[in-house]
Amino acid sequence: MNGFLAIVRRDLRLAFRQGLDSLMVVAFFVIAVVLFPFGVGPQPNTLARIAPGVIWVAALLASMLSLERLFQTDYEDGSLELLALQPVALEITVMAKVTVHWLTTGLPLIVAAPLLGVLMNLPEDGYMPLMIALTLGTPTLSLIGAIGAALILGSRRGGILLSLLVLPLYIPVLIFGVSAVDVVIGGFSAKPQLLILSGLLVGALPLCPWAGAAAVRQGLE
Amino acid sequence: MNGFLAIVRRDLRLAFRQGLDSLMVVAFFVIAVVLFPFGVGPQPNTLARIAPGVIWVAALLASMLSLERLFQTDYEDGSLELLALQPVALEITVMAKVTVHWLTTGLPLIVAAPLLGVLMNLPEDGYMPLMIALTLGTPTLSLIGAIGAALILGSRRGGILLSLLVLPLYIPVLIFGVSAVDVVIGGFSAKPQLLILSGLLVGALPLCPWAGAAAVRQGLE
Amino acid sequence: MQNHHLGSSLSLFTGTDLVCFRGGRTVFAGLGFALSPGEALMLRGPNGSGKSSLLRLMAGLGQPLEGALTWSDESIANDPEAHNARLHYIGHADPVKPVLTVTENLRFWATLRPGFGNGEDAIASALEKLGIGHLADVPGRFLSAGQKRRVNLARILAAPASLWLLDEPQTALDRAAEKNLKDAIADHRAGGGMVAISSHAENSLANARELDINQFRADSP
Amino acid sequence: MQNHHLGSSLSLFTGTDLVCFRGGRTVFAGLGFALSPGEALMLRGPNGSGKSSLLRLMAGLGQPLEGALTWSDESIANDPEAHNARLHYIGHADPVKPVLTVTENLRFWATLRPGFGNGEDAIASALEKLGIGHLADVPGRFLSAGQKRRVNLARILAAPASLWLLDEPQTALDRAAEKNLKDAIADHRAGGGMVAISSHAENSLANARELDINQFRADSP
Amino acid sequence: MFHRFANPARFLRFAAVIQPWIAGLTVLLFAVGLYLGLLASPADYQQGETVRMMYVHVPSAWMALFCYTGMAISCGVALIWKHPLADLAAKATAPVGASFTFLALVTGSLWGKPMWGAWWVWDARLTSMLVLFFLYLGYMALNNAFDDPGRGSKASSILALVGFVNVPIIKFSVDWWNTLHQPASVVKMGGPAIHASILSPLLVMGVAFTTYYLWVLLIRIRREVTANKVRALQMRQASRGEQ
């Protein structure tokens, strides 16, 4: 627990000192969403129709892009090797890094989402389920993504390989996240969807740090 | 010219030996497009309506993601420094790298686009202008992206920062690329849009290698 | 060839019949060593003979293909965290975060060690021992190659561990710092510590055992 | 302090009153040097004194804040490509591509040089001179730190250039390779070549001029 | 003349003298402008009271463009002549310009709801303005992304210059494409085309925004100079004791 807190504290400090990290993720999120009106055309009702999907896809991409550096900088300057050689289980180290990733990217995404709802003409009923679904879904994204981020260590390609590994695994979160918003707009309850999202999170919570640690270990060999 | 060809030959060889580079870009392209039916729901007419936009946005993202490594690997292992110290103008070196980037990502994207048109229910009239617009637009994306890829050399963040720099500059290509398809589907001629796309390309062709070389130079200082 | 250099059975840290397989080839085979408290082992051998690889095996970063590494007759793979708690490793890279001050960098690593508590004095005295007391509050980004290396060396002085694994530790050090390092190693050994060190330098440590890895080449002609 | 070390006006490559500003501080000021054919200049100074920075200025990677670097009385900034054609630079990194064989790596760099033509023999003999003839067809990824460094050194033997700028070239080399390097430098000087070299080693090259950079510290108390 | 204030010490002295005057002027101008705009001027016969949004929207839109132009010029000067103050000025301008852009976007969309019936429409002017906002963000992010501040300012200067192509697009978007947005009526060939009762508060607010910008600029540059001093001290500390 001590080690966990020490790593969380260090990584948060790094994120704040380097500044703007979270801001950049939010900016990407906004830009990615904004690209669609350019692409799809600005008719308000088309936009409203695809709003939840676009916002979720942009959140997926933003989370994925920021994941690339989850272990990368520590890997490059030798810190990761050294972290693996400390008397702290590597699973705990991975969990600490995932926590910081969510605090610095998932949380800001949730805060920025309503703004994008406005840009995309999201119907009013949609805001509440969007926020709840994002709150349940983004930690799962960070957890799953950590495995991918660890797998690409030392490979010569970064983001693009990561996206191939991670995006297919993100699809369940996407499906239920969007559907939670859509059913509420359609006048039904989103309870089943939100329960499934919680289930995914509870499943990922023990599994992903374990798989991530295994991946880091092989990346260091 | 000699230097240009030597660099193109080397970078192509690197791309082929490392294998799968282009394949990965295409795979990302496909996955990004496929996310939308999941997000938006599979109704054929909604899909058809947003098809050109989604295909173009995915192409933008695929091109951008693969750009991150344009100079990065050479920068990290000291090759870029050494390239700048050869009796070959740095502008030529940048142009050679852009050429290889387009050959290994832009071209495969163009080849893969009709397949995605089918997935997204693109109306039949749209295929021709989509291909032409992609042919004119993707080189511009590679050219603009090269500036961004050079600017982030040595920075603490990769993909996400690059996206913030490059995506806003991609927007004109996106607008006219999509509009070229839309007007043809709507029964008009896409000549003005295609002319503008050509204009953007002709403008970027001398400007971007020059700005890219300046950016590389300051990155090495 | 099967010259095992087996020490007395009192040896604390031993390797027997080690085979290292790396990069598609057997780097060395049948290698053995033994270290007792207060002893030093100098790894010798030309470039590519496997010095770094052996040190990584000793640290537990990667497993030998065959053979056993034991600490008090127990395999180190049985309890990696316990092994980590008793070793310090210096690799090729210097994990110094550019945005943290030298003290913050050291404090982070020290808090992960057992029994560090609040040893601010330990950090300050480690810096003094390497002649960089004046750098305590300077952010890592202002350091030159040699200064970073000294910070990395101060790290292993700040929290005690009985086994030091040093891979060409004198890289980038000027002569004053090399002297400091030698003194620190002598102190460590006087207190019952053990050292394994690789180096191309001609002069050796006092009373060090030498191990010529080249003797154990698997593909020697 | 204003000790310019100006050589005779016959010197081919000279620097006068150089001021180097890097990372927000003046590293050295008022530094001068002169090199004539056949001469060697050894750069001395503790960690962080600016040896690497001076070599980069000599190569034209970055401009001095003040002062002039001239070749036959013409500023090197006037025609960077011509300057590049007459120099070879060895920095901290070894640009050896993992997927290309040693020969392919060398051939690429050689084809960028003027008057290389089809010098396969030059490559083979450069490899022999550094004792790595047997590695000719081995891909770069299988090389150890010292082997990579030797390949990098072979690069400058494969295509001639009159000025060698070597930044701690003996890093990671074993004693045999260090000897090869010394011989190569002697040959180069015998043929009228010039060398500027930084090193922490105690022993010097024969008849080398020494330049203690520490004398030119800008902020010395 | 050009290099008179190049020396940061001299600049600091100069800034310390004029800063209170600029501060006073800003407060005064805002008071006058807001009085004229909110109380003394008539409501529009078509738009009613919402027209008063203009006195914030238009000056902030002007300033967004003005700041970017100033920033690009500073960046050019910094790159070509390596003028230390130009760098600081560009760096200090970016967040101010981004805030003005944000303000123009927010007031524009608040105004858009009653006028066009939507918070946001995707027309050329609004879109290119949004791109401008992203360019400011990109500039700041890039400036901050390096361990070595010198690297950051050079890289971001190049970006600022490349991004300048967007400024004429914003300015002339209303002429080149037919959009919902109002075409230029104040700053255009042949003189302003709006009534004096609206024009005078608008111009006063415009000047007030400009002096406000100068005020903030002075504060930010002074702070930056101090930060540089601290950094230089740390640097000196880093290289001390290595004789």
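As written, the chains take the letters A, B, C, D and E, and residue 1 is the first residue of each chain.
Going forward, a residue touches a chain if its C-beta (ideal position, glycine included) is under 8 Å from a C-beta of that chain, and two chains touch if they have at least 3 such contacts.
Everything quoted here is computed from the prediction, not taken from an experiment.
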Among the chains in this structure, which pair is joined by the largest number of C-beta pairs in contact? A-B
In terms of CA centroid distance, which chain is the most far removed from subunit C? E
Maximum distance between Cα centroids and subunit A occurs for chain D
What whole-Å value do you get for the distance between subunit A and subunit E if each is reduced to the mean of its CA atoms? 34
For subunit B and subunit D, what's the span in angstrom between their mean Cα positions? 38
Need the CA-centroid distance for the pair subunit D / subunit E, whole Å please. 47
Residue numbers in subunit D touching 2 or more other chains? 23, 46-48, 92
Could you check subunit A for residues that touch two or more other chains and list them? 18, 24, 27, 31, 38, 41, 156
Going by residue number, subunit E touches two or more other chains at 127, 134, 137, 141, 147-148, 235, 238, 240
Which bits of subunit D are touching subunit B when the two form their complex? 59-62, 81-82, 84-85, 87, 89, 91-97, 99-100, 104, 108-109, 111-114
Under the touch definition given earlier, write down the residues of subunit B that touch subunit A in their complex. 18, 21, 24-25, 27-28, 31-32, 35-36, 38-41, 46, 49-50, 52-54, 56-57, 60-62, 65-66, 68-69, 72-73, 156-161, 163-164, 167-168, 171, 174-175, 178, 182
Listed in rising order, subunit E residues that touch subunit C in their complex are 147-148, 234-235, 237-238, 240-241
So in the complex, which bits of subunit B are touching subunit D? 2-3, 6-7, 10, 13-14, 17-18, 74, 76-79, 81-82, 84-89, 220-221
Could you list, by residue number, the parts of subunit B that touch subunit E in their complex? 147, 151-152, 154-157, 161, 164-165, 167-169, 171, 211, 214-215, 218-219, 221
